[in-house]
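Common to both upcoming complexes is chain A, partnered first by chain B, then by chain C.
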Partner chain A sequence: MIALFYIAAIIAVIATVAVILQTNIVHGLLYLILSLLAVAVIFYVLGAPFAAVLEAIVYAGAIMVLFLFVIMMLNLGQHTRDQERKWLTPRGWIAPSIMSAILLGQLVNVMRQIDYDIVPAQVGVMEVSALLFGPYVLAVELASILLLAGLVAAYHLAKTK
Partner chain B sequence: MESIPVEHGLILAAILFSIGLIGVLTRRNIVFVLMSLEIMLNAGGLAFIVAAARWGHAEGQIMFLMILTLAAAEVAVGLGLIIQMFRRYKTVDINVLSEMKG
Partner chain C sequence: MSLEIGSPLTIGLILLVVIGTAAMLITVERRLLGFWQERLGPNRVGWFGSLQVVADMIKIFTKEDWIPPFADKFSFVIAPGIIMSAVLLSFAVIPFAPDIGVIDSNIGVLFVLAMASLGAYSVMLGGLSSDNKYALLGSLRAAAQMVSYEVFMGISLLGVVALTGSFNMREIVEAQTDGWYIIPQFIGFVIFLIAGVAESHRLPFDIPEAEQEICAGYHTEYSGMKFGMFFVAEYIGLVLISSLITVLFFGGWLGPSFLPPIIWFFVKASAFIGFFILMRAAVPRPRYDQLMSYGWLFLLPLSLVNLLVTGVIILSTQ
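Right after this comes the complex of A and B.
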């Protein structure tokens, strides 16, 4: 199980790096799906099977299909790929990479001081749902209102005049 | 029983977050910017799941569900905006939007 965690972590990092280096949008999207599935495996190893399944179904399934539909609608062809190659100059990467590396260094420095070993124990669907429909029922209602607002906004924004 | 150090999970979340941040700062294609935002939100969710595993509670998973909902709503609105932008400017370059400056 512990080996599975590290293998999935390496796959997630490599796939995520591949996402931001791609010039072809569809390839980037496929790498993003791979990264999300690797994170789903990590969730399962950490004892959150419900979150793992939701990550695979909702993130890697529904949200990425939404992306795919929009990319197909936009119909970006060879022209965009050439434009991407022109935009992605090595000079443009330097400053953001340095800033993000500094931020990452600080985060790692803080997190290294935490010293605790997780012994993964399964927290199953039942515990999560008992909390969801018990003390957190208001949060569920607010989430549903948020989704409704997103639906209305997306309908309104994507409407043809 | 084998165990995973909690800092490794959190550092993985930090690495994914930083990669997403580099993507947001570097890319000029708005679809890639939105995808990088997804990576960052997902890294936040991973941190919550690691914290949930640390305490052995289910609350972290509930926060992950909230992040999932937020990401779904954000993507729906963001993709709607991308479609509208593409209709108006016929490009996915975010720099054309600089004419919106007041």
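Right after this comes the complex of A and C.
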């Protein structure tokens, strides 16, 4: 199981780096999907199968499909690829790299203090649902109201006069 | 090696049977369509045309596999592989009989839905990378259709899941010992059936590849075995939807004991495969906007009401 975790983690990191470096937007999107699926595998290995499969359905399966749908509509070609290449200059890397390095250092420092030898407990569908509709029911309702607002806004924008 | 859940022999046999059935369906479908439309269909090769599938296979394997120079090669090549792996992986959670299956998973139903939504990429990438107007139109239609019908497909299954209290397909089958879910969940069954056809984009919902309007839709530029993979994956999808209906609404392997469980499964699944082929012969294709408004304005409210009523009944009988 721990080997699965490391394989999925390495794939996730490589795929995420590839998302940033890729100048072809469709390929970048494919790497992003791969990265999300790798994260789903990590969830599964850590004992959260429900979260894993929701990650695959909602993020990799639904949201990314809409991204691809928009890309198909935009009719991007060689000129966007050239533009991407122009934007990815070495000078543009400096500031984000320094900031990310500081964050990474902090993260490693924090992780060193954690006793990482934890045997993950299985969190099934029942446990997640009991929490969602028990102590967190208010948050769930608020999130659904937010989605409803988005739905109404989309309806208003798409409505033909 | 023995026949038990997850042994290499079982997995190999399941793969062989699923792909074999899908390949045979190419001939069976043409023969059945011929029968229903009062013509003969392919009956020259072998006994009643049974070797037609071999001839088709030889043809498709020896054809030139051409990648258009203007296509995006990376996406073009992986697109048929995605749909093939997505539909085949879905069979991992299908319980064929008490001791035959690949895995016994607590998230079985969700896993199938996840694989169905990943399958949508294949059609979209195939059309997008072909750099062809017809292919792009086809994959735009496919994307809208598959994303929409996934929603009702998921919601229509929740009634079954709520009645069982589990996403595990084996538990769903065992919970139907006293009566199949087709009776309490008839509306869910009808919605799942329609969404299933739309999801595997077969006639009458083959709008993404409607050949009279947009050539062959998303696989216009595909040839040889890459086209063959799209083609076979469609039949595997048909077998998958039939197996899912059998498991979720018709008691899976359950049946009177004069036949072994696996035979009951095959009998029920074959009946649904036949029904889908009959639908292809009998129902005309709707228009694209009709398909969309039918889904969002009729099937979505209906599936929500079905779920609500099921929930009320479960809570009031407890």
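As a working rule, the second predicted complex is superposed on the first by the 150 of 161 C-alpha atoms of A that agree within 3 Å, B and C clash if a C-alpha of one lies under 4 Å from a C-alpha of the other, contacts with A are read in each partner's own complex, and residues count from 1 in each chain.
Just so we're on the same page, a residue touches a chain if its C-beta (ideal position, glycine included) is under 8 Å from a C-beta of that chain, and two chains touch if they have at least 3 such contacts.
Fair warning: this is a prediction, and the values are worked out from it, not measured in the lab.
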{"item": "When chain B and chain C are modelled together on chain A, clash or fit", "value": "fit"}
{"item": "Which superposed partner A:26 touches (first chain B, second chain C, both, neither)", "value": "second"}
{"item": "Which of chain B and chain C A:66 touches, first, second, both or neither", "value": "both"}
{"item": "Chain B versus chain C as contact partner of A:35, first or second or both or neither", "value": "first"}
{"item": "Touching partner for A:4 - first (chain B), second (chain C), both, neither", "value": "neither"}
{"item": "Contacts of A:128 with chain B and chain C, given as first, second, both or neither", "value": "first"}
{"item": "Partner chain(s) touched by A:151 [first = chain B, second = chain C, both, neither]", "value": "first"}
{"item": "Residue contacts with chain A in the superposition, chain B compared against chain C", "value": "B"}
{"item": "Chain B versus chain C as contact partner of A:16, first or second or both or neither", "value": "first"}
{"item": "Which superposed partner A:53 touches (first chain B, second chain C, both, neither)", "value": "second"}
{"item": "Lowest C-alpha to C-alpha distance for chain C against chain B (Å)", "value": "14"}
{"item": "Shared contact residues on chain A - chain B and chain C", "value": "50, 54, 62, 66, 71, 73"}
{"item": "Of chain B, residues touching chain A in the complex", "value": "1-12, 14-23, 25-29, 31-32, 34-36, 38-39, 42, 45-46, 49-50, 52-54, 56-62, 64-66, 68-77, 79-84, 86-87, 92-93"}
{"item": "Chain B contact footprint on chain A (complex, rising order)", "value": "1-2, 5, 9, 12-13, 16-17, 19-20, 22, 25, 28-29, 32, 35-36, 39, 42-43, 45-48, 50-51, 54-55, 58-59, 62-63, 66-67, 70-71, 73-74, 76, 80, 83-84, 87-88, 92-93, 95-97, 99-101, 103-104, 107-108, 111-112, 114-121, 123, 127-128, 130-132, 136, 139, 143, 146-147, 149-151, 153-158, 160"}
{"item": "Touching residues (chain side chain C, partner chain A) in the complex", "value": "72, 74-75, 78, 105-107, 110-111, 113-114, 116-118, 120-121, 124-125, 127-129, 136, 139-140, 143-144, 146-147, 150, 167"}
{"item": "Parts of chain A lying in touch with chain C, wherever the complex brings them together", "value": "24, 26-27, 30, 33, 49-50, 52-54, 56-57, 60-62, 65-66, 68-69, 71-73, 124-125"}
